[in-house]
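Next come the structures, one after another.
Shared between the two complexes below is chain A, which has chain B as its partner in the first and chain C in the second.
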Partner chain A sequence: MPPLCAIAWLPLDTWIVVVGALGAMACALLGTFLVLRKMSMMGDAISHAVLPGLAIAFLVTGSRDSLVMLAGAGVVGVLTAVFTQWIHAAGKVDQGASMGVVFTILFAVGLILIRQTADHVDLDPECVLYGAIEFVPLDTTAFLGWQVPRAAITVGVVLVLNLLFVTLLYKELKLTSLDPALATTVGINAHLVHYLLMTLVAVTTVAVFESVGSILVIAMFIVPPAAAHLLTDRLSVMLLLSAGLAALSAALGHVAAITLPAWLGLGDISTNTAGMMAVMAGVFFVVAALAGPRHGIVSRAVHRIALSLRIVREDILGLLYRLDELGAPRISRRAFAQAELVGGPFMTRIALWSLRRAGQIVREDATYHLTPRGRSAAQELVRSHRLWESFLEQELRLPPDHVHCTAERLEHVTGARLQERLAESLGDPGHDPHGEPIPDRPSR
Partner chain B sequence: MLRVLPIAVLVLGGLGVCSVLGQSDTGTLTDSSITWPGWAALLRVLTLQDYNTRVVVLGVACLGAAAGLIGAFMLLRERALLGDALSHATLPGIGLAFMVMVLFGGTGKWLPGLLLGASISGVLGVLCIMLIVRTMRIKQDAALGIVLSVFFGLGVAVTGIVQNMGSGHAAGLQSFIYGKTASMLLSDAVRIGVAGVIITFACLVLFKEFRLLCFDAAYARSQGWPVTLLDVVMMALVVGVTVIGLQAVGLILMIALLVIPPAAAKFWTTRLSRMVFTSALLGGMSCSLGAGMSALVPRLPAGAIIVCVAGLFFLISMFAGPARGVLARWWDQKRLVRSVARQNVLRAIYEVVESSDRDVPGAVTFDELVGRRTWSPREVQNALNCAIRGRLVRPDGFQRYALSDEGRQAAWRAVRNHRLWELYLITHADIAPSHVDRDADRVEHVLGDEMVAELEKLLADTHPNLTTPASPHRIDRAFHVERETA
Partner chain C sequence: MTDVSHVDAALRHAVATGDEHPADAPLSVHDLTVAYHRKPVLWDVDFDAPEGRLIGIIGPNGAGKSTLLKAVLDLVPTASGRITVYGKPYREQRALVGYVPQRESVDWDFPVDALDVVAMGRYGKIGWFKPVGRMHREAALHALERVGMADYAKRQISQLSGGQQQRVFLARALAQDARVYLMDEPFAAVDAATERAIVEILQALRAAGKTVLIVHHDLQTVSEYFDHVLLLNMRVVAHGPTEQVFTPENLRKTYGGRLTLLEEAANAVARRGSAE
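Our next item is the complex of A and B:
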């Protein structure tokens, strides 16, 4: 297995990564709004639907000049969006289905048109449709005295265009994507914004897949924005994150494409770069789904565990305090098992360990009892519990034998301020409905 | 009868288009080398006399029907593009299956193995979609897109590796699987037929469960149905039809067959059972017609023709569909507008007659009517004409109009509804009498019998004369009041 530094990195590879990253960012910027508008599949639909545009552009002009092709594809791309909207609105067909209807039909029409011309020229759909990112550095052109791949310029222009669009119309895009009704009431023309966005999506799709291949377009429209959506709740941050993730997956994707087969022991070969870039974006999505700060699966699990640990700890303190009141301040671990605390014996063990570390309980001769510090924490808790019991009985007129369970839940979420207000409104009672004394606030 | 007629029109229309295409001597593009067949060839194809045509037409018709059937459920679950995601998600499975088979010393192009690989990665893709939608805050459409692009990317990467491995057999692996309709073999047709029968049977057996799942999954869960399992079964059926179909007819056609016929069927009916049946019928019909046409013109790609025929059916359905079609809804709306205008003119006549003494008893002049509301003379004339045609109003030839007996009944009902609602608003909603006219004007047209009975019950205590209640405001000024509040 060769180490990573053994990759033969050429200027060629740098250009591939640069063009890939530029294209990916251009897609991800617009894709953020597509994902928010639930139109993620638009990139996929357009990249299939532009086929008749290419064929007609060729039939009309007779040339395979890429600008003519771009224009034809761009027009049909916009038409795809328009037709989709029409069928969606006039026929009350749901967005996804109308997209599916439009793009399959357009693709079929394109196939037939292309087949008509195929006798005379080589207009292979695969070849016309999809550029390949591996060949990007071979087709260069002079730009400011440098030899730059032609694709880099095309994709760069599109990226700048999208950046301008997103920054200039940020407010309008935000409002129409998140709350179309509100946008209309404050006087933003939601239709105009929609069609502007769709036009740019079409232009971006066509320009990027003509340079670097369609799979990259489809992936970068959806996957980085979706990953960013899992990481943040702010639109501006989401835009930046999705552009960053897109660029990163382009770079790592290319590295993976030239190293991964060797790592897997398949010999000294490389694989499809665009495909690996899409896979990398998928990897980022999975990471975001697992480790996202608020919506990630791991962080949600950690939160849940931390919460239940806190509750078990507090329950243990409460239990020890009440035993203390009964005159039996010590308890063995076996007795804890009988108390049936939430989370089971494993949680109990961890909670006991962490309480001992915090200096709130001590263990002597295989039994536990409270330290002064633990005692004051427990006092606070039991005070909350019994105040709640009194409150439920006095104010809500619950029978005394029904108040314990509710108070048991509420005691864990009662802060010092709330506790004070409770005591105040009850007139500082000395005893709870069961006749147990309500302890004073511990002196600090 | 009303429902059968459009379907007959549809079939004849399809055949007509078919024959027109068959007839024309020159193609749309002058330099194409396609020769269009005459009637004899058309007849041969339509009566399925060629063995090849028979196989292809019957095979794809089966596939179209099966895809239409399961696609209808997909559409109702708002997963219309699942076929798209799914068919792209099969690629890594195909590549890996090929790789494994080569590593174990085979040629790699053993069809059952490839299909198995495709199915496994298709099912994995579907499970990923369900997992993403269930556990994260990602919507259905984005989940479909993620699975589509990442799986397809992986597939492209895997086939890239396979092609560079140098085993030599990998060339055309993709097109081997994403095949061509016209070259379908008998074995393909049989496989598709069997798959179609299995899927139809499964859908019939699980019809009630699927219906529940489509319309109210939460209710189904609360009734104790294994919703997740049913969902997985439904998805598995989609995977089955997609994998079988992909190999025979290609990727785009497979997506089209899962999306277009169900979307078209939605315009024909609002009942699920009929929609599913229509969808299967449309799928089968567009497939057989399309395949037949491509048999007539061998150089046209069959898949593309089938999609175009299906698209034509979709357009026809979207406009002419009796349940939700554009024309049907336009017609409904027009009828509603007309009946509202008729009720308005009847009420106007009734109230003019009621409010003042007449030169000719019971007859009102055209100008009096125009002055009653904010409407143009043209609108009044149209509404009057409509009422006259319905024998509700009699013109006397001197620009005067009177209600017929039938018309008086209808006008009385309209006036009564209007005033009952006004009284309700005044008594129970504390709205000033000067403000109720406009509101009641909208509501009077949609008050059903039950609602009227309810209003009578509510108002019975406070208002003694409910048979023909007096207007709670001065109606001769109703027009001006309306103007002021507007």
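Our next item is the complex of A and C:
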């Protein structure tokens, strides 16, 4: 396996990463709002639907100049959004379905136009899907005295445009994405903002797609924003994160494309850079889905385990306290196993360990008993438990043999304030329905 | 074109019946008709909202209550009709009208906190392109305080209970600082504490001379909450002070033959009778 440094990093590679990152960020910024408006597939739809726009622009002007292409794409992009809205509203069709109808028809029209009138134009399917980002650095132009790839300028301009759009219209985009009806009533035209966004999506699609291919465009419109949404609850942070993840995907994607084949011992088989960039974005999404702070699978599992651990700990304290009342203050681990605490023996073991660490119980001669600190925590719990039993029996008229299970659950979620109110409303009873004494609040 | 003839007809009608709209009513709805796919939802709705009153809009499901609010706010296309706010067309008076939509109308997973949502009530005053300044953020915070939600300002909105979300919506309307409020079922599925809090806010609004129209479902509380009622079932069945209009007879006309509802209504009216 050759070491990483054996792969030469050329200025060429830097330009590939720069163009990829600029394009990815341009898509991710707008994609954030597409994802939030639940129209993620609009990027996909528009990237297909612009084809007749490109064809007509070419037919009318006879030129393949970038600006002409962008104008044609912009017009058709807006039309796509308008038609989608029409079909959605007039035909009572859902938004996704009407998008599907519009873009397939427009795409077909585009193919026919190209086939009929511009058959000599070279359209390579592979080139359309994956783009030709590897060749981007070869087509350069002078910019401020530097030789800069033409694509870097186009894509850079689009990125600046999108940045201006999301910063200047930040609050308008926020409001119209969350609540278009309210926007209209406060005098912010939700339709106008919507169509501005769609125009920019179309322009971005064409500008970026030319250099990096449609797969990457569609991926960058959806994947980094979706990952960012899992990671944050703030819109501004979500925008920054999705742009950051997009750029990072581009950089790591290229590195992976040039190093992975060698690492995997595949010799000279080349990996596609645009494809690798999309894969990287996917990797970030999976990581976000697993480890996201609120929605992440891992963090939810950790939260659940922490909760059940707390309940087992509290149950152990309660058990020891009740045993103490019965005159048997010590208990072996085997006896705990027989008590069948929730969570099973493994959880019990962890709970015992953490209670010992917290100084609430001690182990002597293979048996456990409460420390004074543990005792006061236990007293608090048992007090809540028995107060609840009294409450359920007295106020809700539940039969005394039905109150234990409910109280067993409620004791874990009863804070000091609630406990105080409970005691007050019951007139501070001395005993629960089973005749057990309700302990006082432990003195601290 | 049809508009002109329609307005003309309305004027003649008004002159003939002597039923003129007061020129400066907080909200006047003139001969409003709304149709979805040629099926009328609202037919010839005509009423004036008196100033400084809490007005309940009552009617069965599908009576067009929400549509009435949306038509007033220019959110759905109307077949005919004219809306004026303090004597001028609604479009010129947008800033005077605040709206509380149904809670289900937005995606609560949206990455904003409660304060952000309330600040949105100020966007109309801020204007395009400008960021939300400190003055507006403070106004939003103050509105949150008024609904007892200041402690939750930085909480993402899906982390709030249903009642808290409703209060955030209400705070947003307060932040708009309007003179006329339209609320779509603010009491739907809220806890008792929130219901009390909302009632208090409504009473404060009335005390401040605001006019509030509220789509409401619970017939039991109508007499307690509202000064006026508008009984609606596609057409206006009756409109006026609650004690005059909220009668079993009118409710029967509004709800048709739905027996359980009628019983409920009869009970509600009977209870009001005994309470007075």
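In this section, the second predicted complex is superposed on the first by the 427 of 444 C-alpha atoms of A that agree within 3 Å, B and C clash if a C-alpha of one lies under 4 Å from a C-alpha of the other, contacts with A are read in each partner's own complex, and residues count from 1 in each chain.
Here is the rule we go by: a residue touches a chain if its C-beta (ideal position, glycine included) is under 8 Å from a C-beta of that chain, and two chains touch if they have at least 3 such contacts.
These numbers were taken from a predicted model, which means no experiment stands behind them.
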When chain B and chain C are modelled together on chain A, clash or fit: clash
Touch count on chain A, higher of chain B and chain C: B
Chain B versus chain C as contact partner of A:K38, first or second or both or neither: both
Touching partner for A:M238 - first (chain B), second (chain C), both, neither: second
Which superposed partner A:G187 touches (first chain B, second chain C, both, neither): second
A:F107 touches, of chain B and chain C: first, second, both or neither? first
Contacts of A:G96 with chain B and chain C, given as first, second, both or neither: first
Partner chain in contact with A:H229 - chain B first, chain C second, else both or neither: both
First (chain B), second (chain C), both or neither touched by A:L67: neither
Which of chain B and chain C A:G282 touches, first, second, both or neither: first
Contacts of A:K174 with chain B and chain C, given as first, second, both or neither: second
Colliding region between chain B and chain C, picked from 148-156, 220-228 or 238-246 after the shared-chain fit: 238-246
Intersection of chain A interface sets (partners chain B, chain C): 38, 229
Interface residues, chain A side, partner chain B - complex: 35, 38-41, 43-44, 48, 59, 87, 90-101, 104-105, 107-109, 111-113, 115-117, 119-120, 215, 218-219, 221-223, 225-226, 229-230, 257, 260-261, 266-267, 269-272, 274-279, 281-282, 285, 289, 295, 297
Sites on chain B touched by chain A in the complex: 27-29, 31-34, 75, 78-81, 83-84, 132, 135-142, 144-146, 148-150, 152-161, 164-165, 252-253, 255-256, 258-260, 262-263, 266-267, 299-301, 303-308, 310-311, 314, 318, 324-326
Contact set on chain A toward chain C in their complex: 36, 38, 168-172, 174-175, 177-179, 181-188, 229, 232-235, 237-238
Complex interface listing, chain C residues touching chain A: 70, 73-75, 94-95, 97-99, 101, 105-107, 110-113, 116-117, 120-121, 123-124, 126, 128-129, 131-132, 156, 172, 176
